[in-house]
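This report concerns only the one structure given below.
When the chains are written out, they are named A, B and C in that same order, and each has its own residue count from 1.
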Amino acid sequence: MALEKVEYDFSHCQRCSTCKWVHLWEVKSHRFSVSCPSIVYGKFDSYSAQGRNDIAFGLYNNELSWEENKDTLLDVIYKCTLCAACDINCKRVMDLDIIGVLDALREEACEKGYGPLPAHKEFITSIMQYDNVWKQPRTRRANWARDLKVKDLSKGKEKSDILYYVGCTYAYRPGQDIIPIGMAKIMKQAGVDFGILGVKEVCCGGIADNVGDKKSFEEIAKKNLEMFKEAGVKKIVTNCPGCFMTFSEKYARMLKTDTRNLDYEVVHATVFLNQLIQDRKLKFSKNLNLKVTWHDPCHLGRRGEPYQHWEGKRITWGLTDPPRELNRGLKGVYEPPRNILRAIPGVELVEMERIKEYSWCCGSGAGVRSAFPDFALATARDRIEEASSTGVSTLVTCCPWCETNLSDAVSSLGSKMKIMNIVELANQAL
Amino acid sequence: MTDWNEIKKELEGIVGKGNCLDDEKVLERYSRDESLCPQRRSDLVIKVKSNAQVQEVVRLANKYLLPVIPRSSGVGFYGNGIPEEGGLICDLSGMKKILRVDTRNKWVLIEPGVTFGELQQELKKHGFKAVNPLLPHKEKSVVTTALEKEPGLSPKIHLDEPILTMEVVLPTGDYFRTGSMAVPGAPPVPATIPDETYSDLCNSMGPGIDWWRLLTGCEGTFGIITAMNLKIALIPKMRRLFFLPFGKIEDAVEPMYRIQRKEIGNECFILNSHDLALILAEDKDEIEILRKVLPPYVVALVLDAGEWYPEEKIGYQKEALFDLGKEFLIEPTTTLPHVPEAEARLLNIIDQPWSGEDYWKFRYKGAGASIFFLTPLRRAPEFINLMQEKAAKYDYPASDLGIYIQPKQRCHAFSLEIGLSFNPEDQAEKERIKILFDDASEALINTGAFFYRPYGSWANKVFSRTGNLSPVLKKVKGILDPNKVMNPGKLSF
Amino acid sequence: MAFTKLAFKALEDVLGKGNVTDDPVICQSYSRVNWLPPGYLQRVRLGTDMRPACVVLPGSTEEVQAVIRIANRFKFPFIPRGSGYTFQAFPAGKGYVVIDPKRMNRIIEVNEKDMYAVIEPYVTFAELQTEAMKKGMTCPSPLAGAQVSVLANYSWHGAYGNSWISGIGAQNLLAFEWVLPTGDLVKSGSISSPHAGWFWNDGPGPDLRGLLRGGMFGHAGGLGMVTKISCRLTPWPGPRVLPTRGISIDKISEFPKDQFRWYMIKFPFKYPEEEEKELIQSIELFYELGKAEIAVFATHLAKQFLYTYSSKTKQDLFDNMKNNVFPHGYCVVGLQATTSVRQLNYEERVVKDIVAKVGGIFVKEDEPAYQVWIVRTANEWLRFAHGIRLARPSDSFSIGASNVDSCDGIVREILRSNKTARDALSSEKELGKDFVQPLSVHGGWISPQEYGHWCLMTTDIFSEQSVKQAQEAIELMGSQLKGQLEDKSAAVVIHLLGPSYDILGPMMNNVHLIVKKIKNTFDPNNLSNPPYATRPDVLSEEEVKKMMGAH
């Protein structure tokens, strides 16, 4: 039973409500004080980590039953982007694996045959059938690279230590291919030796893991790992924070090892580009004269920490044996994208109120956008209002799901806010 | 119908014959006070000396359904000690013991008849003083002042709620104690409680509910207090008093907010030239001179310091005050026109009750009445203007209005007291004043002046406008006083 | 009493679909609170009976009134709450309806001149303080954490880092709107008078806060629900935005030294043998500071508070204990330049002299205790971001003992109650095995109030979340009460709530009978969070004895 491994965690929730709010020292206004999109939308406490802890307790102790309560259980469990704001907040004060509880609830739902939701199943089926979430033909996966003369590592003839992994959304979604195009151009200009997997590239599988379908995830992950091995990949660079987090954390967890012990190193594009700037291999010459704000994607920021595997048990006083290092958002990727923005002439960065490890989620993650589009849109609208309150004209980020969802919110609000990917901005400044 | 003589005999048995008075002159004296409230006679005046006597008197009152009107002061200004329906005046002014001074925890335990003069004299020996209102009447009871929530001169937040614990007789005659005086097993004598228990009488809250809050402002309708300990303050080692003169009240508003916001100084108040003249004038002739030469409004601010580097403490307060003065183009001064020694004179008297023969509020014409309420300071000019309009309507000279503004808890609220003077021998004038008083009170209440102490005719005006508050208070009254004996007719009861 | 479908329909009609639920999954998230043994055991005992029958989300005072009127019509019990942190905010049996004020979260006014704010029940301390700071003001922050409801905290208890100047919750409460258990609305303070506004708390006539608040606590929702308050704000000369640096558990916050100064003070006594001397000298420090009327923060922290609040992780806490980072308790004093920098410098001079006078020693900036406490955690005292860290040692905790009286009085209570606890707790013996000194049962949190005119204290005990240890903790509470009664300690006076009214009321001039009459008068159907503030019936002596045995 999935819940068994997190029984201590959900049982020891003290109901302090720290999970619901931005780090209390970082609250800068009444308007933008909340950290959990789920409880804002769902209103009742069940839509918070505290509430889900109680629900996990109820399921585990047979106070709730899947047969009788399935609809609400699925609604509560899946109406959450797994942004981990609650997790990071809770771990400031306690040492409970909250994200583990949220994950276990989904795993439990799938184990029992009730989850994932139909919209999620569509994604997973698409991956199984098409190697991507969008039901698109495999043959079109590398269309973005048509004119770029990029190494294809999947054919066995070309080699490179660095795999540039594009991901389904940047590869297939109309208009978003400018990101891999831009990224490839930058890397080439910087003299980076890299390759791609071309049409052989397979979805990272993160969505399957996110929604609790561990079986499908494992299948997809193994496929990818095999390909990486065959291609002799030593380092993966990716623009998509979801893929980044999947390769870094989820694959390590599946293999029951630390991220640092994986056969490859995985680096997000912003970290890579920042390094290029530090190494003076990337320079910006155009003055963009632009005020921007930066949106920290959850999977890059507080969920972007390397994974540390742990197997053991809780002993007296709730200590763990062996000692366990929990991720607390400390080592997420926060500064590299900001350094890039600061390096671009004429770009003035104006921070929003909720940033870095206490950033507000865009609303689309963990299957929410497909299963609960209203919730996703409401969350994104909140973010756009927050961005607008800074007075900037442009919100910059580096996640395809954030970009899509936030763009929808801009349209819905009739706002003039421009949503840009950092690669796009960087290219403009070259 | 019980024989009145029997009742009187029972009462004499409790308090002694000489303390049970129905002499016409005595009844007449107790039938009125300095307010404009109508005269009403009680049936008897009972002078009590102990809590036990009070309990018995109140039990008797319940037995025969007689009103009991507690009075601890030798003087009244608000009518709360005047009976509405006859009954027994329970005079506690003879209970004058200062039971204990705790200099470590900064409180004094007293009986209800202790006056400010008596208390300050005793506390001075220990290096302490009570927080007193502005020049209280020499017969004014300290306990009554605290229960009536009369604002003290110090705007310090922690001194605005001075009451700690109390010994009470409930309207049923039952004995009660509030706060940590209620500790189980405590001895019968409150003064020995700290010695015989582990209670230092410092917690004002409880037991159960916050009793002391319900018992303040109740005008004796919820019970009779027979002992109370209150916070006291150290006598400063060094003091200065500065005046800031203003031509209009509007000009004093912002500087006063800033003084309180920056917590500059201690005792602080605003007086207009009329009230200041009444206080400072050596004699009646000087009153008129001072009314003309003193600035229309004066902020008086005391800077004080204790044992630690007093010069430096005065120094930084003075610097802050003068910086403020520069900003508002006002020079703080220690003198006033015609009163070069104003600083010394005021400092000499503000910790004491009024010592003169005529109470200062009555010096102008022999008698006076005050309209007082709480307001944010920014609305004070509005209310003063309204009062001036009303005064004009009844041909009362605006220059004869006394204005006294007292900050409470720094910026949070200001007590605005408007004094009316009249000749007590002139019935026609008194009647005009009554009408002005009523009309102005009504207008002020309607405009948003907060009459938090709704004495006399204010009670109906206030409580008819407060929605469910009066019914709630009546219910509490009904619980505590099922036979409706305790000062009936007061507030909205 | 049972909550029916008709009642649900009536609630839905008033509040709108989506603001009422009787779904057991949703209600499950209002059924559990672990950190106080009575609450934990109540859940063990009641199981899903502690799950409310329904949860409602009113959006206004009028909607709260409607809910409560419907409760009276259909005779179901209801629980008003804030963030729902203490076990009294949870059902004591089947059929309760929880009133969750989440939609009532407006800050209606922040008045800079008169220094008050008007707020609804779901506004937190962090939000209020943030908005107040923009205008150069602040509000207190409770040790429970700045994530709790201001309104609920002020109505219930409220002990703060800056209680040295602010006092407790009741003293920071100004005017309020109160929906009585019948659904009637009463306004108290200046808001009761037309056009007077929200600025003042007291009157007209008697101060109705007297009914709302109590010995230490309020009526726990037993007399209806407060739906709007005004509350006091105090001057804040500091930055308009709380300064921070760093990420997550490495985050620190430092105030400009020309506006704030922190001091950590220790005493040269052997610990734990001379703990009593350390406490006594700490109190002397407070008495002297009180006479001087300086500082905005002044408190004594036992090791338990220092270790827990400063810990980055549980392992960090235990490592710090092993390394004896805080060998004993410390006093912490904070100064603020309310008047001027010169005032701040003056107060610093006085603090130094007073510390020397009472034999204290300033902890140096390079000492681990200073680095861990002042640098990492001091600004908790302005805004408590980590309230529940008190639960960190054992992932649960309990209040050991409390007292409210003089500074001297609470030292006596600390020493007495800790001695009782040391012998009683198996958890303490267990913890004592592994570490240099035990964590709990030495020292306490001493919070002098209003420049030392009075004082509040609590000690906490760290017990693991188990039935055995919870029962032990409750037995200990009983022993503490027994000890307090034997001592005739002022601590007894603060205990009156729920069942203890019947046990202790007869000892305090039968106050329980009066409060029961109040309960019966204002809550004739006994629907407002029974059994609070007290049960309406008067128990016989035998029934009281039986209840004492059960508790």
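We take it that contacts are C-beta pairs under 8 Å (C-beta built on N, C-alpha and C of every residue); 3 or more make two chains touch, one makes a residue touch a chain.
These numbers were taken from a predicted model, which means no experiment stands behind them.
Enquirer: Looking at CA centres, what chain is most distant from chain C?
Expert: A
Enquirer: Identify the chain whose mean C-alpha position lies nearest to the mean of all protein C-alpha atoms shown.
Expert: That would be chain C.
Enquirer: Would you kindly tell me how far, in whole Å, the mean C-alpha position of chain C lies from that of chain A?
Expert: 38
Enquirer: Quick check: how many Å separate the C-alpha centres of chain B and chain C?
Expert: 33
Enquirer: What whole-number Å value describes the gap between the mean CA coordinates of chain A and chain B?
Expert: 66
Enquirer: Scan chain B for residues touching two or more other chains and write them down.
Expert: none
Enquirer: What residues on chain A touch chain C, complex-wise?
Expert: Within the complex, chain A contacts chain C at residues 8, 11-18, 20-21, 23-30, 33, 43-46, 48, 50-52, 54-55, 57-58, 63-64, 68-69, 72-73, 76, 88, 91-96, 302, 316-319, 323, 326, 328-330, 332, 334, 356-357.
Enquirer: So in the complex, the part of chain B that touches chain C is made up of which residues?
Expert: Per the touch definition, chain B meets chain C at residues 104-107, 149, 156-158, 161, 164, 174-177, 179-180, 182-186, 196-200, 202-219, 222, 231, 234, 257, 261-264, 306-309, 312-313, 315-317, 319-320, 323, 374-378, 409-413, 445-454, 459, 462-463, 465-469, 471-473, 475-476, 478-480, 491-492.
Enquirer: Please name which positions on chain C make contact with chain B in the complex.
Expert: The contact residues of chain C facing chain B are 113-116, 165, 167, 170-171, 174, 180, 184-188, 190, 192-197, 199-200, 202-216, 219, 232, 235, 287, 290-293, 338-340, 342-343, 346, 349-350, 353-354, 404-409, 412-413, 450-455, 485, 487-490, 492-494, 496, 501, 504-505, 507-512, 514-515, 517-518, 521-522, 533-534.
Enquirer: Okay, in this complex, where on chain C does chain A touch?
Expert: So the residues of chain C in touch with chain A come to 18-19, 21, 23-26, 28-35, 47-48, 51, 55, 57, 83-85, 100, 102-103, 107, 123-124, 126-128, 130-131, 144-148, 241-242, 244, 247-251, 253, 313-315, 318, 379, 383-389, 391-396, 430-431, 464-465.
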